[in-house]
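For reference, chains read A, B, C and D in written order, and residue numbers begin at 1 within each chain.
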């Protein structure tokens, strides 16, 4: 595997994930070349990211009616390491690599049933204030939730 | 082609469409069997239906911030007549087959470049009041808009 | 609930399902009206149908390299009974309502966590011969597999 | 707009695109937050990339039955600069930023109707030999096709 800018040591980086979400590749997610279409890992990233936020207790705030803040994806990237096929059961893991004032850099790891990575990625999310459209700093509680997950990692 | 419950005379039925929207089959819309995945014509139906409503001036009302009504799909069906392939340019036609008090039965026709039908369908839409969750009768103006389109047909 | 042409007695019809597949509504499957987009139940139908065929041992044949037959969707329909929201966990059930020479009429039932139906549907599948493009009669073994499932139902 | 690693001078970078493909945002591509779901620009990238390859005459080779080579996406990334809404008409531009032995680094630019960029991205594609699974060097003709497009740019 070639060196990726956002992963220093692959094995160590893989060991740092403590949250995973399982997905099974749908038939409608394959394309005429016979494998998982390249746009679908981003769907898996979103699903796993949301489950990650739910596990921290964030998502519930963001989707309730009167919420003043909304999470927004600033960027996303994916490196495709191996072809993935219909029916495969994948583990998609997520971790908060770096927590900024109102943003967080999330890293993603997709693994096949045999544990081999098939795609990896990252992307920055920002918590926006719905009214001002500007970044809304994480509360102390949110920051602690990120850190608690961090602690679980070790 | 076998007889479909919602089409009496195919040729006459096809002649009655006056609104069409073009789509080109995306690579990501194919599946590993090499053709358009069966879930995608419903995406095309929605796209064509919305363009149809836009052409009547309805959609603009429904998507504006303070709107009290919302269109809801009550049912949908599709008959797949021919396989469709990556890159094909299709014409998806829509017509209001029958206008009820607060609902409308829409019919759909997908045609290949050579004019042959590749999928046909229908589905009922209801205009709901957002607050009561009940059907909201079409206004005189909306009813006339449906009829005007009807007139264009002949 | 209004009477549907393909369901005689709803309660009895619901009792006849013995195969179910769970799905959780993805964020990307919602639309700007705030609920599950109407095209997505067809994706769930396909996923549940394939799991149903896998449970019978059919799908494995169809997706292996040298297979001479392929399953094709002839028609699909869905009645939307209740809005479905982000994050909901649904049970999508499938049964073979009627087995023809080379086709099968499948029925679908989507239920919310509280057991209430949120969408129902049906559609005919045909087993096609890849080389002739014509229907390929079910083998005795396939027919028995459908019936065995039938038996499980009771 | 913050500095992106793959864009030195935004204005110059934007001027270098000579191929564009138009898309209109579908209703089913929005999500419950009211804007284009973050996974969809990758669908647009694929659609525009394929149209770009078609314009060069590549895609036809890759999708014909006896083809020995297949294009594979090695990585993809997208920076989201502005929210995009239902019904917007976007221009998605593609250029070959750098041509390697058997790969090409493609850059993407999504623009709103007023010309403002709403998302930008890049990704490397590799031409693989189907039988060996290894990179297949671009032919002289393919290389010239990339360069011809390059020439058009200036």
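In this section, contacts are C-beta pairs under 8 Å (C-beta built on N, C-alpha and C of every residue); 3 or more make two chains touch, one makes a residue touch a chain.
Keep in mind that what you see is a predicted model, and the values were worked out from it rather than measured.
Asks: Which chain has its C-alpha centre farthest away from the C-alpha centre of chain B?
Replies: Result for the farthest chain: A.
Asks: Looking at A-D and B-D, which one has the bigger number of contacting C-beta pairs?
Replies: Higher C-beta contact count between the two pairs: A-D.
Asks: So how far apart, in whole Å, are chain C and chain D when each is placed at the average of its C-alpha atoms?
Replies: The computed centroid separation for chain C versus chain D comes out at 36 Å.
Asks: With chain centres defined as C-alpha means, what is the inter-centre distance between chain B and chain D in Å?
Replies: 31
Asks: Distance between chain A and chain D based on Cα centroids, please, to the nearest Å.
Replies: Whole-Å distance between the two chain centres: 23.
Asks: Residue numbers in chain B touching 2 or more other chains?
Replies: Within chain B, the residues that touch at least two other chains are 27-28, 32, 37, 39, 43, 46, 63, 86.
Asks: Quick check on the complex: what are the chain D residues that touch chain B?
Replies: Chain D residues touching chain B: 26-28, 43, 46-47, 50, 54, 63, 86-87.
Asks: Can you tell me which positions in chain C touch chain B when the two form their complex?
Replies: 5, 32-33, 37-39, 42-43, 46, 63, 70, 72-80, 83
Asks: Using the touch definition from the top, list the residues of chain D that touch chain C in their complex.
Replies: 27-28, 30-32, 34-35, 37, 39, 86
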